Amino acid sequence: MSEFVFFLNKVVIAGLIIGSIYALGAVGVTLIFGILRFAHFPHGDMMTAGAFFALILLWAFPGAGALVGLPTAFVLMPIAMAATAAMAIGLDRVFYRPMRMAGVKPVVMVMTSIGVMLMMQGLIRLFAGTGTRQLYVDTDSKDIYRIPLGGRDLVITEPQLLLFVTTIVAVVALHLFLTRSRMGKAMRAVSDNPDLARVSGISIDHVVRTTWLIAGALAAAGGTLLALDVTLKPDLSFNIILPIFAAAIVGGVGQPYGAIAGGLLVGFTETLAVFNWTVLLRPLKPLLPDFIEIPAKLAFVPTEYKIVVPFFILVAVLIWRPTGIFKGRLNT
Amino acid sequence: MPKIIDVQNVTKRFGNVLAVDDCSLSVEEGTITGLIGPNGAGKTTLFNMVAGAFPPTSGRILLGGEDVTGLKAHALFARGLLRTFQIAQDFSNMTALENLMLVPAGQSGESLFSACFRRGKVTAEEDETRRRADEVMQVIRLSHVKNERAGNLSGGQKKLLELGRVMMAKPRVVLLDEIAAGVNRTLLNDLAAVVQSLNREDGLTFFVIEHDMDLIARLCDPVIVMAAGSVMMQGPMSEIRNDPEVIEAYFGGAPAAGAH
Amino acid sequence: MALLEMTGIHAGYGGANILNGVSIAIDADQIGVIVGPNGAGKSTTLKALFGLLTVSEGSTVFDGRDITNTAPERLVEQGLSFVPQEFNVFPTMSVEENLEMGAYVRRDSYRHMIDQVYGFFPPLKEKRRQPAGELSGGQRQMVAIGRALMTEPRLLLLDEPTAGLSPRYMGEIFDRIVAINAAGVGILMVEQNARQALGLAHRGFVLAGGHNRFTGTGAELLADPEVARSFLGGGADAHD
Amino acid sequence: MRTPPLRETVLFAGLAVVIAAVFAWLGAAYSVRMLTEAACYAIIALGLTIQWGYAGLFNVGLMGFVALAAFMTVLVSYPVNWTFWEGEGPMLLGQALLTLVIGVAITWGVSRSHRHGVPKWLRTLLTLVAAAITYLAVQGQLDPAATLIEREAGFVGGFGLPVWAGWVAGGLVAGLLGWAMGRITLGLRADYMAIATLGIAEIVKAFLKNADWLTRGTLTVSPLPWPVPTPQELGFVASRAAYLSVTAVIIVVLYVLLERAWHSPWGRMMRAIRDNEVSAAAMGKDINRRRLEMFVLGNFIIGIGGAALITFTTIFDPAAFAPLNHTFLVWVMVILGGAGNNLGTIFGALLVYVIWTMSEPIALAAFMLAEHWGDSFFGWDAPADLHTRALQMRVFVIGLTITLVLRFAPKGLLPEKVVRHE
Amino acid sequence: EDVKLGFLGGFTGPIETLVPPIHDAAALAVKHVNDQGGILGGQLSMVQADSTCIDATAASNAADRLVNAENVTALVGPLCSGETIAAANSAAIPGNVVIVSPAATSPALSTIEDNDLLFRTTPSDAYSGEVLAKLLKDKGHDNIAVTYVNNDYGKGFAEALQSSFEALGGTVAANEAHEDGKADYRAEIGSLASSGAQMLVILAYVDGSGQTIVRQALESGDFSQFAGGDGMIGDSLVTAIGEGKLDGFIGTKIGRSETPGTGMYAELAKEGGLDPNASFGPQAYDAAFLLALAIEKNGSADREGVSAALREVATAPGETIFPGEWEKAKKLIAEGTDVNYEGASGSHEFDEAGDVPGVIIEMVVEGPGFKEVGQVQ
């Protein structure tokens, strides 16, 4: 039993947490991919920027959290989300819109976005330095819930719970928005055929703004929650942009659910890849004949190969479903 | 006459849509066979399978007596089968002329080695190909836009380009999918004459999907009528035009167009 | 008063002008038909009218208002509606969603229009949940026309509406166009099935090489032997 | 002869002026180095332009090929490690290799067993089992061998052959990997292919980084032998100029051959496939074979360029092939120069590399200037960490330059030309 | 005559958080030189270049710029081992430039054919591993789990630690690599925890994976006892995790014997607004100071002879010079007296290979930060 709880902690919960982070990022990436048709590389830095906005707010209103009994950064997160969304829209105005107007190919947009990414990285470091920071201030303390269960604790922290809740709320809301609302459908229409969308009376600018709004806000949420749970570093998201892309693509480009599925898939493969199965086998020891020895370590791969496992799974999934789990869009 | 295309009990499903339903038909060598039928009858789907765009769910397709079910498009081209597309499929970033020069099979310059190291031979071949492409351009009246990007051509011009490819390739069998839609009628008359001469003089077999009854009546014998995924009837145009079932399904009760 | 008046339009796609002074005018209760050889600039005329490319010279007046170079999304609000010749459906959206997108600018209920379109094209009702990209060529054309009808426009622009439709639907489209027009909607369409189209046109325009070549009533153009020979597939020899 | 076209002339002249300025500012030794590195990148970029510009293949795994080719160069041309050859290592490795060959043969055989009436699901199952057993068996033999080699000899060393042989081997093996990878990923559409290539490249790099017995892993291998005399023998400028000539010859040869190919029916066919696969297939072009051809060829060239680059830096460090930076760099070179235009690609490689390296002194100089002005006009006391921040701003400078250039030349500086026959 | 030194460090890249304090420490030495009379009658300056830590191409390019374009007399070297080798082989050695790395710890550096140009002011990992093993064993830990950042530093350290620890009779239940910079290490911690060990040794960087691993291991309750190498020493670790939660964390830190120099440097650093405990800060100070001494001794800004002079000023015999004592040293050198620099991070008696014998300090977390316990024998 205690071994099973260990499994829950190390695989299920850990996979869910990291998967949710990836998913929050991937939803934005996949939306931008679907509607604006390019891979948005600065997304990770948008997540970082969102967390920095939260940090600034935290300095400004340190007591906000204590009022409701939640971490201050979380309470202030909606404002950070709004700020990041505004920033995303601004970036679009300055950098992407002119390119769109010139009718450039998607790959040129990708390169532009890489340029923007480098600029953002430079700026974040310029203003924030390279050190690590915490999003917990003295007035809050990070609650850690330990639920005793068969000799071992099931451990989950407050930011992790908030992360789950946020992810679920965000996904459901986004689903309703995309399938029910007029705007949501218009977004899909623009991604299908922008010219015809205009002919139908849809304002592309409006749709694009909405896209950035959603993507920016979700990125800020993802960044803030990740920083809350771990730490805030300037290179925080640069390191997770690859898994985020992987999640978006393997889920199916342009498919918000795909992003969720992809995020969780990548999250779980990361945790499963290095899980030591011996732990689960140990309790069976008495049942087994003596000559079978349980090895001390029984994992799919050694930890130094952990980073390749998600990619391995990705390639396998793509061979099985060439356009991702949720049959993504084909950019041609 | 031998059957050059022989479709035997072919079925195609897309999910729960039954697009072609146990369809059997054949095209005899040397004919211009028409294929008509209501929208959504499965005509294009049938063409796609004959041309190797995707395999049938079940059934067999023979080309010149050989079983070609499931072969890829390029392999079928090599066996002398060429198709045109209902929704024009041009190489939009290449010029109209290059769209045609691409077509001839067996160009030695298509091997990387020859392209790099056997320039003389390749150049000579190229000159010949270009000359032929220029001729074809004359026939389809696109000479004035031959150096325009194909993507910039008008809807009808793209259709003409599709037909131009047929003239470049000179295959054994040609599948024409609604070549007339959007083509100016005056020009169409000339094109019909080209098809007829390719058929009579060069012995090309044509299998033609068309909704323009004038053109069908003028070119095709026999005509096959498809409805709901399978063959409804087959015969010369005069018979079909007066068949009450066909009138109901296809001409929509009104006296057949083109009968005036 | 003319519902639509294009005068001396010059426009192009960035390079040389394709249109060199095209003029078109129809009244509110009229059907106008544009015919001409391939590449004459017919589609370009409609695109220029609908704000999809920049007009460099000339003006378009709709219902007394100058709409030259107005963005398409604005025009839809003003009661124009357009079926392009190519790329005229949203391929990954279902048939019904395509129709809903047609009604994007409508704030009132448009359910009745959807039913009307289904009534008009029964195959679409069967396929309402299917993505439009999986439809047959003719079915797509039905979706495209249906989408444009959703706003109940005052002026309907159709670029080759009958291309790819079986004779049955072609006949019905023409009947329908007459009916819509009878309800007071102006119609401007490009057609290659020129004889039938000109047969019901109040105004006919023959374009060639980016110019107006002939203008007149439908009947006048049909009767003109020169027009018939050069643009309508020959006069007498069409009956061979 | 035609007169050279205006745009090309102006751009290359401008670039020449910039390079001359760098010579004047930073001296010949450094400038020749920069040019040599840029030339190596130009070779890599030519490989990528074949894949992306010619064939529309979205390869973001190019650092995997570079790493592999660099490793092959080490294996072929690094001096022989006699301790390894005299020990038991070769024998143990031989056994592991034999096991691998047998295992692969059995797996391959099993995977084709459906032709002999074995049901498909059973075949899949058997194949997986055979593959797993092979993996375990090889692993079981390799582990002790690796431990032994690492302990006694460090790593296997090289074969001491000439450097050019290493480069060719590097290109060939990169091409071979491309072939295997292409078989798996070429069916995928651009975006999906991108992540698949990236994934496979990461796997290759992880292997190179962690197989210490083979590559010395994070301990790195250095100094790598050069194909021309080293700076210690000839001095910086002369030896680097010699190296630069070698890479320049490679570029010229590649350029001439690629131009020929591009303007022949082969090039036309590739453009057609890139434009519209469905239609190209209907015109009788074997899409998959041709794309594989392109992919392999491109990777061969990428491999050669990568081998040349790593040889030039004198160190093989498997951790150094960071996934993003270099991949971006080469992509930006291709796109900014003009995908599908060989001259544009070479131009882009030179220009972007100059920007890349100059961003640092420029950022420093700019900050210095700011400090100076701030001090003299406003009595501003510059923060102590100004220099470190300045260096971090280099990424900003690079990003800004990229976005600006793309903004004003969105199709690249020398865009692909539509081939016209007059 | 003015003299120019070069400073190479990974201002961008995986150790970008560590580099600024290291650079500032070297800059402090330069400041001391200039404040106390300058060098060779002129001023000492230091130019920087970004060597990125992981990217060998960028590192050798950056080194080359300093060597060939900036014409520096000597280099305060790159910090990661790979980039140090790259910089040395492709620019410094052919350019006859002395290169002193304050932080490259890989044993591979000792064996390079360097014409006696490559030095370092930090001992190699092999030694640190040995000492940490002994320390842990002495404290009664018999069963440990080790996780290291997968680079030359982490790997060399971990291997040395494992072999020494096992030689002392302890058990290394798990010894696993992890990649730096990931957002989450729960899976790795799980794998380590499954080994059953109670003590987790982390060989990583305090502002990188190290901090995250400590935090997540604490939160999950998998480990309660921690130890780490020099990369983990930094008060920011305690600040980030929370005061009191890490008490008892055992650390080792390279090279600051209780010579008077240590204390003097601590004073000077505080005066200059720097953290005296920053990883590799004292080593960087020493590297720059030593090079300044060597150049002064050599009598010109030329590269020729710097290497020999460096050995002279660093090693006994001679009048002892401590950090900050530039004026005194300058005077002694002018008089022709032999000097011996005893630095902030040790006495720097270079051996054949240009390495210094290690001095390892035991550190422990107490209250708000790390405390020195003393030199490990």
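Observations, loosely collected:
Order of writing sets the chain letters: A, B, C, D and E. Residues in each chain are counted from 1.
The working rule: contacts are C-beta pairs under 8 Å (C-beta built on N, C-alpha and C of every residue); 3 or more make two chains touch, one makes a residue touch a chain.
Composition by chain, UniProt nomenclature: A, D = Branched-chain amino acid ABC transporter permease; B, C = ABC transporter ATP-binding protein.
Computed from a prediction, not measured in an experiment: that's the story for all the values here.
Counting only chains that touch, the fewest steps needed to get from chain C to chain D is 2. Where touching is counted per the definition, chain B and chain C have no chain in common.
Summarising the inter-chain layout, the chain whose CA centre lies farthest from the centre of chain B is E.
Put simply, the C-alpha centre of chain C and that of chain E have 76 angstrom between them. The geometric centre of chain A is 36 Å away from that of chain E, both derived from CA atoms. Chain B and chain D have Cα centroids separated by 44 Å. If you average the Cα atoms of chain A and of chain D, the two centres end up 30 Å apart. Within chain D, contacts with two or more other chains are made by residues 209-210, 385, 392, 394-395. Of all residues in chain A, those that touch two or more other chains are 125, 129-130, 238, 302, 304, 307.
Residue positions 12, 16, 19-20, 150, 177 of chain E are each in touch with at least two other chains. Chains touching one another form the pairs A-C, A-D, A-E, B-C, B-D, D-E. Here chain D touches chain E in the complex through residues 25-27, 29-30, 33-34, 37, 209-210, 217-220, 222-223, 230-232, 236, 309-310, 312-315, 317, 319-320, 322, 325-326, 357, 360-361, 364, 384-385, 387-388, 391-392, 394-395, going by the rule given at the top. Taken together, the chain E residues at the contact with chain D in this complex read 11-12, 16, 19-20, 23-24, 27, 47-50, 54-57, 60-62, 64-65, 68-69, 81-82, 85-86, 89-90, 93-95, 106-108, 112, 150-152, 155-156, 177, 273. Looking at the complex, you find that chain A touches chain D at residues 33, 39, 95, 98-99, 102, 104-105, 107-108, 110-112, 114-123, 125-126, 129-130, 238, 242, 245-246, 249-250, 253, 302, 304-305, 307-308, 310-312, 314-315, 318-319, 322-324, 328, 330-332.
Note for the complex: chain A touches chain E at residues 6, 9-11, 13-14, 17-18, 21, 125, 129-132, 134, 144, 146, 153, 155, 157, 226, 230-231, 233-236, 238-240, 270-276, 278-279, 296-297, 299, 302-304, 306-307.
In the complex of the two chains, the chain B residues touching chain C come out as 14, 17, 36-41, 43-45, 86-87, 141, 145, 152-157, 159-160, 178, 181-189, 211-214, 218, 249-254, 256-257.
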